[in-house]
Amino acid sequence: MRTQPDLPAGAQGRPKAVDLTGRLVRGDLVLDVALSVQPGEIVAVVGPNGAGKTTLLRLMAGLERLDDGRLLLGGLIVDDATDPGHVASHDRCVGWVPQDRLLFPHLSVAANVGFSPGATPERVDHLLNALDLRSIADRRPSECSGGQAQRVAVARALAGSPGLLLLDEPSTALDGASRQRIHELLGADDHPTTLLVTHDPVEAAGIADRIIELDAGRIVAAGTP
Amino acid sequence: MNLPARRLPGTAILKLLTVGLVTLGLLMGGACSLLDDDSNGDRLTVFVASSLTDVISDLATAWESAGGPGIVEVVGGSNHLAAQLRDGAPADVFITADAALLELLAPDRVPIAVLDRFAANHLVVAVPIDDPAGIHGPADLQRTDTILVVCVIGVPCGDTSFERYGDLPIDSYEPSVRAVVARLALGEADLGIVYATDVAAEPRITAAWNEPPACPCVAYAAAAMTERGRPFLEFLESDRARDVLTTHGFAREAAPPGSP
Amino acid sequence: MSRTPTRAPRSILVVALLGIAFLALPVVGLLQRAPWSSLDDLLGRRAVLDALRVSLTVSALAAAIVLVLGTPLAWMLARVDIPMRRLVRALIVLPMVLPPVVGGTALLFALGRRGLVGQWLDRWFDITLPFTMAGAVVAATFVALPFYVMTVEGALRTMGDDLEQIAGTLGASPLTVLRRITLPRLLPAMGAGLALAWARALGEFGATITFAGNLPGRTRTLPLATFQALESDPEAALALSLVLLAVSLVVLLPTRDRWLPTR
């Protein structure tokens, strides 16, 4: 088993603590959770479809707003239902990898990975190598396979040294080796606080410090693997 | 299930296209006849030069009270109307501000009878009623700090303006004398060349200076394009018609060209 | 490389063919009546060259203004939750619905020398728009703007804002997102919308003649010159029509192909 050299430190992004007590309603889904995550902790989020896992991640990323309650990142209030002002996504220092990846189609793989203003050339380089993306660095996302695209999305989120990493099913199209590479990155020193939505119990057990189970918008179980 | 052949058979296209075109043709023909109103019944269709817009309704009233059938007026620039007539537009009478246009109608449409120079309209330099630019005399026509509008060359009003006044610092050639009047009435232009009848009819404009009517001017000709139109020409020569025309500012007949 | 579907329904093809025939017929009629023998003499005339120059200048300037004014407007309509959105959209579509002459008259009432805003322009800044080339540009912009805005707004809606959202989470400020994500992807639609708007500006007649007037070399565009020539010199009118046709094709034909989206 290879050991990877550590990721060069980014300009920002100390791992952040997450404190959420709140509620939001989106159509049929009522998400109602109280959750605390320690800085650097990796939490796996499991549960059936429609449980609200993606919505939870989007809430952390700043793409949804609470109807009730508060969300704190790194000790700072970023979303407060009683306050119309809230901290926008680009100020939250998060890295989000959605299920459909959302790579920028008009930019090359390398440009995608290096997109974040906080991404340094060294970090970008390291990530391209670590995730075996060097050979396709100049290609467009449309020319990449599903597995390649997933790796690009993860690299892109990590390049900006986020304090909170949000991964929504990051490994579905990956073979074992690629999955292993990502897990190594996630577990490296000084890794960000991570919330990882996954269907794969093995993945959850392998990498997470804690597992929580979401069902119909509520946390129904929590524990260590 | 059989897959359709990759190339459509030529005869099938032809058949479908024919059906489609015929249907389209019928539909459009039907729509046209709905929209068109060729026969105005008993009424006379009279094409009138646009400078006669105001007077034609009074003429129509006088004509009808003398026992004539109702009139349908089609107003436009004389050239425009002549072009339409040449293309086959139906009309019983054509009153033009340019008699020369009647010759251009041949050989397709030849008038049955012509009443030449039955009325005249003199050109006047006009200004908006409040005279914003302070126009006093003919020298002001040459000013470059004012907005001067005239009729476009090619319509009788425009041709006559050029004949009378020559080259001027013009800012816009309007498609009809009505447009010139509108510009002046709205105060968008400082001075313009219009007809005497327009000054009489439009309270928001006035003659820039006083001068006796002179030619080159516009002389109207009336042409009967069908037999039904003939009585209207006779009416135009009557005293009743002349009264109406004079009231609106038309001259009884034009002074010969070249007179002061 | 694209492949045409092998199962195109015949009825659709036939109707489409009819549509093409309908559009092509007047053009064929024009080409057939054109005075080909005396063409270079007609085209060399000062009047024609003047009209061409005015048309190209006015339509190009109008297109530029449409681009600058219309892009933020389209973006706002597609992305921002504005009050009275329906009213705003109706306002934008209005120039398409108004007969151009009515539009020109309305412009006069607003920007003419005695107009609502125009009188202040005249009094304070000595700016007159009617009877100037600037006025022709205003008239052309007025009628062309809706075409651009609707094209670009439609594209923005279709594109959705997912990519903008994730760009935001990666730390890019809204302006950076606009510059690096939205605009580059919007370019094909902007090009198409601009071509449409430019074509409309080129062909504009009613609003131009009503608002800006008609003066050779200053405000007499190709459409105005054609209309005028129809009355006095039909052959010249045909020649002018051909020029209009040629200019339109020269710009529109190559452009549309290049600006189809590549992904």
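Going in written order, the chains are labelled A, B and C, and every chain counts its residues from 1.
Criterion: a contact is a pair of C-beta atoms (placed from the backbone, for glycine too) under 8 Å apart; a residue touches a chain by one contact, two chains touch by 3 or more.
Everything quoted here is computed from the prediction, not taken from an experiment.
Novice: Please flag the chain sitting at the greatest distance from chain A, going by CA centroids.
Specialist: Relative to chain A, the chain whose C-alpha centre sits farthest away is B.
Novice: Could you say which chain's mean Cα position falls nearest to the mean Cα position of the entire protein shown?
Specialist: C
Novice: When contacts are scored as defined above, which chain pair ends up with more C-beta pairs, A-C or B-C?
Specialist: Result of the comparison of A-C and B-C: B-C.
Novice: Calculate how many whole Å lie between the centre of chain A and the centre of chain B, each centre taken as the average of the chain's C-alpha atoms.
Specialist: Chain centroid spacing, chain A to chain B, equals 76 Å.
Novice: Can you work out the whole-Å distance between the CA centroids of chain A and chain C?
Specialist: About 46 Å, centre to centre.
Novice: Where the CA atoms of chain B average out and where those of chain C average out, how many Å apart are those spots?
Specialist: For chain B versus chain C, the centre distance works out to 32 Å.
Novice: Quick one: which residues in chain A touch 2 or more of the other chains?
Specialist: Not one residue in chain A touches at least two other chains.
Novice: Which residues of chain B touch chain C in their complex?
Specialist: Residues in contact with chain C: 3-4, 6, 8, 12-13, 16-17, 20-21, 24, 77, 79-80, 83, 147, 149, 152-155, 170-175, 186-189.
Novice: What residues of chain C sit close enough to touch chain A in their complex?
Specialist: 162-163, 165-174, 176, 180-181, 184-185, 263
Novice: Where on chain C does chain B make contact in their complex?
Specialist: Going by the criterion above, the answer is residues 6-7, 10-11, 13-15, 17-18, 21, 108, 112-114, 128, 130-131, 209, 212-216, 219-220, 227-228, 230-232.
Novice: Mind pulling up the chain A residues that touch chain C in the complex?
Specialist: 61-63, 88-90, 92-96, 98, 100, 102, 104-106, 115-118, 140, 142, 156-157, 160
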